[in-house]
Every structure is written in C-alpha cells, then in structure tokens.
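Please find one structure pasted underneath; my questions will follow.
Order as written gives the chain letters A, B and C; numbering starts at 1 within each chain.
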Amino acid sequence: MSNSDSPSRDVRGIFASCLIILAGGLIIQASSSYGMLGSVFPRTIGVTMIVLAVVYIVMVSLGKGASVAPLDGSRWRRIAIFCVLLAWTLLLDVLGFLTASLAGYCAALLIANFDHWTPRRAITYCGVGAAVVVGLFLLFGQVLKVPFPTGMFI
Amino acid sequence: MPGIEYFLNAVTPFALLIAVAGIVAGVVIGALPGLTATMAVAVLVPFTFGMDPGIALIALGAIYMGAIYGGAYSAILLNTPGTPSAICTTFDGYPMAKRGDGDLALTLACLASVIGGLIGGVFLLMLAPPLATVALRFGPVEYFWLALFGLTLISSLSEGSVVKGAIGGCIGLLLSTIGVAEVGGDVRFTGGSTALLGGIDVVSALIGLYCVPVLIELVATPTPHMQLTGRVASFRLVEAWRHVRAAWFNLTRSSVIGTIVGILPGAGGSIASLVSYSEARRASKHPENFGKGEPDGIIASESANNATVGGGFIPTLVLGIPGTPPDAVILGALMVQGIRVGPQLFTEQADTVYTFIYGLIIASILMLPIGLLVGRYAFQSLIRVPKALLAPSVAFMTVLGSYAVHNNTHEALQMVVIGGFAWVMGRFGFTASPIVLGLILGSIAEGGFVQGHMIGTAKGSVLMEFFGRPISMVIIVMLVLGLLYPLLSRRAKKKERVNEQ
Amino acid sequence: MKTMKHLICSSLLVGFSCLAIGADNFPDKTINYIIPFGPGGESDVTARFQEPFFKKYSGGQTVAIQYRAGAGGAAAWSQLNGMTADGHTMMGTNLPHIVFQPMETNSGYKTDDLNTIYWFHFTPDALLVHKDSPFKTLADFTAAAKASPGAVTVSGTGTKSGNDLAKARFDKMAGTKTSYIPFKGTGASNTALLGKQVSATWGYTTSALQLGDQVRCLAVALEKRHPRLPDCPTFRELGFDLIGGVYRGLAVPAATPKDRQAKLAGIIEKINHDPEFIQKMVDAGYTVIDVGPSKMVEFMTKIKKEYGEAASELGLQVK
C-alpha cells in the first residue's frame, strides 16, 4: 500500500531513518573490537542499514513512502498496560512468580475494563482471574515441572 | 507399501490410545504460547521409557505432531504463534478470527495440518533412505544461500514499504548476533550483561513481537476483540473442505516444501511455513488478500509445518542426525532405549520403524476429529470471554510462556522490552514479521558464511566454494528470481492496466 | 502413664526431626536437573541414562530434566549460584568448557564459582573420517596434513571447546597444520562429515558408535581401546600421547548445605556403580569415572594446571 498520492509525508519515517543511521554507525564502531570472524556480519548489517535508511529518506523526499494511520483509543491505557507488564516481569524474582502474577493480573484487569464496576462483576472477574492464574501456575509447576522463582512470597 | 505387515502393530487399541493421548497432550502444550514442540516432547519423554520402542516412538511422534498443530490455535485466536512454526498462521488466521471467521480458520488449519502431516508421513514411509541424502548435500555454503533466499521473502511479507521491511530484517539480523558468537567466540552487543550472553531467544522474542502490540491495542478501545456474527460457531467443515479442495496445488506444494525443509538439519517448521507462505502468496491470483484473512495463507503455513514432522524424521532415523529440534530430543530418547539409528535400522529393526511410521500416519488422521473438537471448544470459549478478562489472561500467558522457555525471569523481561519496541516500531511503519525473519535466519546465514569462508580458504578458493557448487547455484538463481519477481509482476500488471484502459 | 511417655517421646522425636529438616528426608521432592545445553546432546543423553536410577537410589524421588541452553553453557552456569540452594537443584557441568570460558571472555562466572560435586563420566576424543575417505589410517591423515598445510579441514563443535583443544593438541604433537571449522553442536558437525564438507571430524567415541559404519574411526584418545570400538586404535598405540575428552559432572549452588551435597554425591556414586547403568553407558560409547567430593580439589587443581598450560601453549588468547 504505497500511498504516494497522499499529501501527508512520512515524517516519522524520516525521523526513524535518522535514528537507524545513527544505530548503524554505532554498530560498525562496536564491531571493530571483535575478531575477524565475529565482525564481518555485524559490520555488513550496519552498512546495509545505513544505505537502506538513506534510500528511504530519498524516497520520502521524492514523495513516496508509506505513512502510518493515526491511532484512536486511550493513550493512558496503552502506556499503563506496558508499564504493568514491565513491573510484572521485574517483580517476578522479588515477590515470587505467583504473587507478582496475581498483582499484575489485577492491574491489567483494571486497565482493560471499560464497564462500570459492580460488586457482582468485581467478584466474578476476580474469581475467574484467580482461577486462571493459579490453575496455569499449578499446571506448569506440578505437571510440567517448571520451577518458579520464589521471592518474598510464592 | 514397505513394511505393510507391521501395519497391524500400529492399530492395536493400545497404540491408538497412546496416539490419541499424545495428540491431545501435544495440542494443549502447543497451543500455550511459549511452550514449543521441543518442550512438549522433552517434558513428556520420561513417560515413554517404560513402553515398547515402537509405541514410545508413536507417543513422541503424536505429541510432536499435535504440538505443531496446536500452535495454530493461539496463532489464530490471539495473534501469537503458540510455537514458532505457526508464525505465518497468524498473518491470515488472526484477521479471519477478528472478522468473525475464527471457526472457519480453525477448521482450515486442522484440515491442512492433517493433509500436511499425511504427506510428510508418506514421504517418510516410501522414500526415507534416498531423501536422507538431501540433508548431506547441504553444506555451510548452501545454508548461507538458503538463509539469504529466506531474507528475500521480506519483500513478500512486508506490508507498506519494502525498504522499511528490509530495515526491519536488518534489525532482526542484528538481534540474532547478540551474545556469544557460535563461530569465533566473540561476545557481541551484550552491553556487559551476563543475561544476554545466551542471545535473544526466538520464542520469547516472538511472543513480544506479536502479542504485546496486540495486547496494547486490545486495552486501548472498548470495541469487542472479535466480531460477533450472531450465529452459533460451528465446524463449517463443508465450506473449509471447499477451500482446501480448490487449493490442492498450494496444499501439495506447501507439504512438499515442508517435508524438504524438515529434512534439512538446521532449518525447521518456522522456515518451512515462511517459505511456503510466501510461495503461496507469489503464486496466488489475489496476493493482495494475503495478510488480511486469506484462507490460502493458513493452508500453506499449516500444511507445511506439519509436513516437517515426517520430513524431520528422515535424517533422524536414517543418518542419526536430527532434522528438527524436537527430533534431537527423540533421538536422545531412542539412544536411552538402546536403539541404534542408521541405514541398517530399516532392515534390522523393521518392526519398530514401520510400526512407528504407520503410527505417525494414523496419528495425523486422528488429529482431524480431535483438532475439530478442541478447536470448536477453544473458539466458543474465547468469543464469550469479556475483553476485561481476556486482556489480563493473555498478559499472564505472555509472561508465563516467555518465562517457561528457559525458566528464566530475564527472558520474560526481554519479551516485554522487545514487545514495547515492536509497538513503537509499528508506529513508525515497521512491521514485526521482517524482524522475526531476520532473527530466525541470522545465525544460519552467519554460521554458513563464516564456515563456508573457512572451508573455502582451506581449499584454496573462496569464490569457487560459494558460487561453484551445484545446489548453491540453484539457490542463487532462485534468489535472483525472487528479487526480480515483484518488479516483473508490477510491470506486467501496469501493462495490463494500460491495455484495459 | 506408659502411653503418655510414648506420646511425649514420639512428639519430641517429631519435633527434632523437624528441626533437622532435610538431613533425614532429603531429597523430599523432585530434584531439578538442569542441562546447560539443548536437548539431544551428550549431556542430555547421559542425564536420561541416570534418570531411572535416581528413583532407585534416592528413596523414590525423581529428577526433572530441564534445558537452559545458551552461550555454550555459560548462560546457565553464570546463574547457578543464584538458584535455590536447598539441594533440589543441580546442574550439569563440563570440562574443558568451565575452565576455558572464563579465561577467554567475561562469561559471567569463574571456574571456581561452580561447585561441582561429582564428575561421573567422560567422553574420549576420537578422530573420525567418512567411510569413503582416502585416509585409511592416522598416518594417511598426518601425511596429507603435512603435505599441504592448512588444506585438511576438520569439523568440530564450537570454538575453545573440547574438540578445538583436541585438534590443537594433536596438531602440536604431530607437527601438522589443519583447519578447524567450528559448528553449532555435534549434530551439525557430524552432518558436515557425512556430507563430505570436511575431510575429518574431531568428535567422540559416542559419535563413532552413533554413526556406525558411515564413518571410520582413525584413533581414540583413551589409555586402552574402547570395548565397543575394538578396531579403532588409541593415539598412544600410534605414538601420540593424547588422552582427553569431555568430562561431565554435576554441580549444585555453592550455598547448598554440605550434608545435602554429600548425600547427592552419594546417590550419584551409587548410580555410577550400578552394573546396568555402566553397561548402558559403555554401549553408547562413554567411559564411567568416579571423581567424588574427596578427590575433587586434587582433580580440579590438576585439570586447571593442565588446561592452563595447554591454553597458553596453544595460543588461545588468555585475558
């Protein structure tokens, strides 16, 4: 889908390309410390990335390239769910796998719910959530013998 | 039919029971993101030690087959490949599920998997010893060219700009170099972190790249996660069968590709599904529908990855070289059982081998009823789940799955970071699939290049080593044609359009 | 009154045994046996050989074999000491890997960090060629390598690995120059040999048995010929003092209680003396050895000295 006839130019794409040129340069510099065998491949990729990014910038300035459609929906929810996932995985060792997962599940539940909270809904959702988390935890731990980290709790 | 006298061993009630149990266990494990076919087999191997070798092999083969197929469920319903082999199933499966055709997609995946599994099994039965030599014709140089050929698939996988797709491919290749280099032993791009010494794991990266962006978008809007069509979900078997019959050529081609890729040690189900998917797209009359819910895409991917099961057993049994990673586990189990593999296996232990091969073929047929039932149940329960519960459950599965890959918390963290990166990249117009392609093919390309270079230097001519070998030349020609094809077809289309006007 | 006494006694007993938790009941749950490589390799197969015997000698407890592959084992080894140290976690260790890796790179662990409690077997090095190869004997091989230095290629697994070391040691003894091509894993290295991509392979007795008559074994690095490879001479017979291979053992996190370490080592020792286990190991090409806690310090000191000398002599860059 190249929307070459659309008036909006892919400014974001140019920005990303500049970052990629920078990254390519850093990679080439970093690979100079590796041995002959280990540096060939990263260096080639670095050069290819720079070339491709330059090609893309040229393409956009010639009026080609594909820009991305804007998003609708809630921005804070997007950021929040990512932060929850990040905290969740960082806390696995600290709190223990099960505790961190129960907390993470609840947080994600709060973010994902768009309806009004009623006592009945709260009880059902929490019950189902606990069943999913504990059930899979037991399946993995007991049947499939996956060892889970135990932190402060389980 | 070779070894037909052993067919009866494979249809005893006990053998059938084992096959059904193996398929069910495999499907469930394969459907959970993060649990691969390799893990399914490894986890269940101890249960087979008490069994007769032929039956034990049937059990392992059924688990393997079931797990590869099971990967399609989460691919279709959650946009997350349950196993890496199901990457391409997400491309069309998830769009179909979103528009309310999830039941059709699941039935298609089931039919294609059964047929792919059967074709792979028949190749194993009829042509195993001659086909095994294919594995030996592929040296480092051939793998290098094959990986480069695989990278040209970026052009058919990238939506939007091909240049952006190529940049994404480079990012994937770069990710594949992180950690201790296979050849040469350099420690690369770890930033001094011990956690990154082992490199980026493909499975946890896949979960991050495909599932986290979906999750982020899932919670952003209150619209339902799947379109409800108002009718009760059913098998839609007749409709699916019509699609499959119309796509018989695609089905055969994909299954043959799957078998051959399975035979090559060093390639696997993910590569088989990528190659056959892009071949299907290239040959299709409606390539523009691919990636938007085209049944042919699911058929190509699922028949190819299940055909790798039979294909992978060919070098495993004939040469003692595992064709795919799960085969490595099965080979280990065979050694523990005291079975010596090799060309003599087919004569000296014909009963074991043929019992197993017939068992595998029967297991792939059994996948039809089991797969349809499990699929229907999974689909119906997924539609009914409210979004508020679906999102946290999916989030938990991504964390659990990426942790369980190597039982490592930093791999879960890696998954989240890569996932966030993938979402941001998506906002800049870079899609996930080329990154995945680069990540999977990177180490094959690099290993092949460096080894080929060393062998060439020892032989006195690097150029002859890279360009002078017959199979290399064939792959190079395919590579060049693959690169030129989009240009040629665009020109042909333009001409057509001009003529129409 | 008597019953009262009994009751007090038994409750005291229970109380004491609770205090001394583990000493008596250990192992009281499934033991995690972590393989620092992918499945299907030699570490995996030997662990699978041990698996059924664990139940027999540990009082009914089983082992759960798990894989944590990456960085030639370093990914798992660097994390061993951070794992639960209650004796229910143990990990396979390999020589020369755990000596060479920390020398060469920042591998995340030091050799002495790994608390190996038992070396239970070793896989002797073997030089293999394709059955159609013009090299009928080791003499043919060395003659060709001398005639055109560097033109004879040998495949092996990984860089600075057991195969790399064997290749370098033999080259030095024989005065030859061969080109070593590292592959990812034994399977890939063997494929290169069967596909005639390379002239020979530095492998192990296990590969020689596994590949059967598809390959010819030129020599093995053992003191005496391997019982399952009676036609394959030792390097010693042919005038090269080459004995070596990959040693495999089991380590536990350093903080594991000493009595539990001793108990685990005892279980492994009992398995190692089970005739059925020995038979299985020998049939597959392994050689069972016993280096338990009492001999560990002496053995490791000797091995580290040997490998240290080999490393500097052979030009592996030591940081």
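Heads up, the rule we're going with is that a contact is a pair of C-beta atoms (placed from the backbone, for glycine too) under 8 Å apart; a residue touches a chain by one contact, two chains touch by 3 or more.
Note that the structure is a prediction, hence the values are computed from the model and not measured.
By number of C-beta pairs in contact, chains A-B lead all other pairings. Averaging Cα atoms per chain gives one point for each, and the point farthest from that of chain A is the centre of C.
One finds 22 Å separating the Cα centroids of chain A and chain B.
Note: centroid distance chain A to chain C, computed from Cα atoms, is 39 Å.
With centres defined as mean CA coordinates, chain C is found 32 Å away from chain B. Residues of chain A in contact with two or more other chains: 145-147. Chain B has residues 181, 183-185, 407 in contact with two or more other chains. Residues of chain C in contact with at least two other chains: 66. Those residues of chain A lying in contact with chain B across their complex are 1-2, 10, 12-13, 15-17, 20, 27, 30-31, 34-42, 45, 48-49, 52-53, 55-56, 59, 65-68, 71-75, 77-78, 80-82, 84-86, 88-90, 92-93, 97, 101, 104-106, 108-109, 111-115, 125, 128-129, 132-133, 136-137, 140, 144-149. Those residues of chain B whose C-beta lies close enough to touch chain A in the complex are 29, 35, 43, 159-161, 163-164, 166-167, 170-171, 173-174, 177, 181, 183-186, 188-189, 212, 215-222, 387-393, 395-400, 403-404, 407, 409, 412-413, 415-417, 419-420, 423, 425-430, 445-446, 449-450.
Residues 38-41, 44-45, 48-49, 51-52, 62, 65-72, 74-75, 78-79, 104-108, 150-153, 158-160, 179, 181-184, 187-188, 190-192, 194-198, 209-214, 280, 283-284 of chain C are the ones that touch chain B when the two sit in their complex.
Listed in rising order, the residues of chain C touching chain A in the complex are 30, 32, 64, 66, 84, 89.
On the side of chain B, the complex with chain C involves touching residues 38, 41-42, 45-46, 49, 135-140, 179-185, 187, 192, 194, 197-199, 201, 265-266, 319-322, 325, 327-333, 335-336, 338, 340-344, 406-408, 443, 447, 451, 454-455, 457-460.
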